[in-house]
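Same chain, two partners: chain A is paired with chain B first, then with chain C.
What follows is the complex of A and B.
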């Protein structure tokens, strides 16, 4: 019904091809120039130039890039933020959830998703090595605005209770491995493992004071625990706080490295899957009908 | 805005007019983005005052006055706006979209980029700002109703608004751009607006779960994971951007560009 009356029927096909590489075009170890956007078929005829001159063409091509980059940032921000807050949000919202077991385990695993997909898109199609940092900056913009305007501004929690997890060092590591190695396999193994390992040390400078022990009415607890007890969240009571559970207590102080290595291991697997998710959503195919 | 060409003379006249106008007009983009942002800032100020004043107990008359009234107004307004926009875009469609002149096609591509950017602004407010805001409100205040102050804004205002803009952009592309109208249905663009759209019907699961299953607002609870699944579809903006840039490249390289 929507279809017009084409003078030349365009084939239903991809207009942009991925660059060649191992695993069927999923990146290469050797530096291979990325496929230009629109370099493949000319399935729809171009009957003349739309530009009056080269200056106008230069301006408009740059304008198109800029508009799309801003759109990408905001849309990825929205998608990544809703993914993040509903898979690891409680550990990120509150200081008394930032424990030594679940926080360094869960966050890297669920957060490596969008960066892996974005690395596929930016690296494979544009040879731009900032996919992970692009996603993480978007997420942090969304989180910081919310923590100030809503957590503090509407429901009056102090920022010391609700600061979001620092993620930029992890993202930079992931992107740097992609840039230096030029290989998505190496990025998956080395980068995603580093992504998992770096969460705790990246946040330690701000987190350490809150994990100091203190005594209150005969009970030993951390400063983070006390802040949590003081600021009661009525619809998220203490009995559903998921922290410091499990037999890993047996290992005493060494639980964080174990959690981080496990997290890094699973991040490798998640990176692998989400590289292909990025490829799936970068499709330029057309369907004959829906 | 559109070129409705019933005759070749009309088409020729439209193309002559098209050649004179600038390709990228940022005014609609600026107005659309600013209107959404200013509106939501005003909404946020309203929440600040009337959330605490009249939003704590849904059985009070104040709640009915200051919150349920908004719900009763916004729902029909959104439905009417949606139908009006879709109807307008269909009514003013280009009936000869396969033969659009290159300059006019590029202008429409920039119009589409403006649609996508306004969609992105609406997505930010809905999926990021008001969704995480819902977390802090519901973990602080006991819910006694499906229609809470944060839900009336988040689910029933910000989500429908980005759905309307998203469908509008898709309709614009399908009715005015050869790349999206004549080659078939863009898989990426279908995913880009259908996925985030499905977040809205998924509200039914959320409310059912909180009503019949558990009241606590553990944000990472499996009850919420379908929102996550549909949020993933936002990544389809990757494919849409490749299709748009691909066509821009085709237009740029399709014929020699005059030096001056």
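What follows is the complex of A and C.
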């Protein structure tokens, strides 16, 4: 139904390069939106343009930009949020899962996926260095809606039990490495490693107070443990938690840096794969027949 | 003519069919909504009969209060028998967790004990043992809530026990949860640290939004796409912008490092999350009843909701005994000759005249009797235990309670295969 009937007149071609709605379209060095669209209308009419005047062009391009921004944000919010909930799940949902081993290992690895693909999309097609931050912001908006409305508003779990992991500093690091280096290889190696390394220190200002010790009935517990114990989760028995398990004892109590480096290394590989996922889906070739 | 008439009718029906369908659907939806009752608890009924009958038996359950105010505490206590008849289909409770079943944290759990041991973590329990337990909770959210005891078993899932309605009065705004730390400071766990969570998240998200907005204002998608499509990808980002990016990167790292260092100096003594199983729990001592209870055979009548079980019972004890109660899956079937008064227990689980005996006379010391026990009540069906007739190994289990004149009580685990009698077709 989207295929147009062939006409005798033949297809109308609209040259992007001829579009004067933007200063800095074809041939201009800087793509800056026209500031004084109404006043600077001396160049009209322009041959081949679909717009009546510069004001209309500016408005429509601006509207298209805004619509695209909102649409992409909502798409990322939904898609990345579902991906995050299915993969990182409880490690991000609950404070008594945010341990020194699995939390800083699992989260960066499973969450570097969408940012890698988004960096490809935004960088390769728009030279916009905010793919990771865009994804993470979408994810966090979705998570906060979920945590506040569902977890707190509906079931009254305190926010201290269900706060999401702060991811923006990691995303900024990834994007800024891309911006400064201009190289996806360097971004993959340096950026993805930093993405893994920065999770724990970025979140420590929030987490640290909940790792203060207290005593109850002869057992020492962190406040995070206590919150998880006191605020009853009927379907969350304690043994479900995967906390500090494994045999990584060589480094004594300093397991976070080891976990973070491991996470960074795996994030590099995942970034590599998802960069190509971004490449695979940043194309209109699948829509050629529509 | 006929053809034309049929065509007209068919046309009319076709035109009206969609409307009629929509109208019917709307009427159906409204009718079903009008007949909908209040959502209640009792989800435990959805679990298979064999699971509830043959894994655990909760008894002597007491809810210290059923009406409390916000900040007031109540205790659930009782005994938990781990059945020897534990089904092969469920993993044994070597890793388990004593839990409460409630609709969210309407009350905060302050303690939970198995015997004398505080058990906030996972525990190991032994089959054929009985454990005393107690859990205390503090009222938090006003309302009338169904509060269950529950044992979760790794790979087996949650096994809820009986529930009781607890009414919490007052206002949640008045709820406080004071906790004293090892450093002597007392905090309110309900609100502790939450402002810090909001502030840090808000600041970082604001920084991210500003960063995106700043770049988005520089040409938007259409303009930058045009530029890149026309080969300007290497010049579209200026050196000044890259320098600004480097500054932002440095500031980001600086904020992370400084905030980490400040936090670490502010909280020098932190501990990791505490985990691990608690083993070697103390079970209640086995009672020397002197009773030998042999199950011979039994049948379950699906139409009559009736379990008939034949026993050979030998009393080698010092006192005569009488069968007073059969308990399974939280249900209590009482012999009215022994229980002359109705005990306090959730009504939906109490069949106070549900147990009758072929011979109600006491079994004297040294005596052996053949007794047919009839356990009959609609609760077999309402609690969906009649499903035992359709289980993979069609058997039942529970605790038979024997009483002596001196007030002793002996719970004996009993059970075995049953022959079902189905509804006539």
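General observations
We adopt the following convention: the second predicted complex is superposed on the first by the 235 of 290 C-alpha atoms of A that agree within 3 Å, B and C clash if a C-alpha of one lies under 4 Å from a C-alpha of the other, contacts with A are read in each partner's own complex, and residues count from 1 in each chain.
FYI, a residue touches a chain if its C-beta (ideal position, glycine included) is under 8 Å from a C-beta of that chain, and two chains touch if they have at least 3 such contacts.
Small disclaimer: the values here were computed from a predicted structure and weren't measured.
In the superposition on chain A, A:254 makes contact with neither chain B nor chain C.
Looking at the shared chain after the overlay, A:287 reaches chain B, while chain C stays out of its contact range.
Looking at the shared chain after the overlay, A:142 reaches chain B, while chain C stays out of its contact range. When the two structures are aligned on the shared chain, A:237 is found in touch with chain B and with chain C. Using the contact criterion defined above for the overlaid structures, shared-chain residue A:204 touches chain C, although it does not reach chain B.
Judged by the touch definition given at the top, the superposed model places A:74 against chain B, while chain C stays out of reach. Judged by the touch definition given at the top, the superposed model places A:224 against chain C, while chain B stays out of reach.
In the superposition on the C-alpha atoms of chain A, the part of chain A touched by chain B in one complex and by chain C in the other spans residues 16, 61, 64-65, 68, 125, 154-155, 157, 233-235, 237. Listed in rising order, the residues of chain C touching chain A in the complex are 95-97, 99-111, 113, 118, 120-122, 137, 140-141, 148, 150, 152, 154, 158, 172, 177, 179-183, 187, 189-194, 196-198, 200-201, 204-205, 207-209, 211-212, 215-216, 218-230, 232-233, 235-237, 241-242, 245-246, 248-249, 252-253, 255-257, 259-260, 262-264, 266-267, 269-275, 277. Across the complex, chain C is touched by residues 16-17, 19, 21-22, 24-33, 61-62, 64-65, 68-69, 96, 98-100, 124-130, 133-134, 136-137, 140-141, 144, 154-160, 163-164, 166, 168-169, 171-173, 175-177, 179-180, 182, 198, 201-202, 204-206, 208-227, 229-235, 237-239, 241, 243-245, 253 of chain A.
Against chain B, the residues of chain A that register as touching in their complex are 2-7, 10-12, 15-16, 36-40, 42-44, 46-54, 56-57, 60-61, 63-65, 67-68, 70-83, 85-91, 93, 114, 117, 121, 125, 142-143, 145-146, 149-151, 153-155, 157, 162, 233-237, 240, 277-278, 281-290.
Within the complex, the chain B residues that touch chain A are 23-24, 29, 44, 47-48, 51, 94-99, 101-106, 109-110, 113-114, 116-117, 119-121, 123-124, 126-129, 131-133, 135-143, 174-175, 178-179, 181-188, 190-191, 196, 199, 215-220, 224-225, 227-228, 231-239, 241-252, 254-260.
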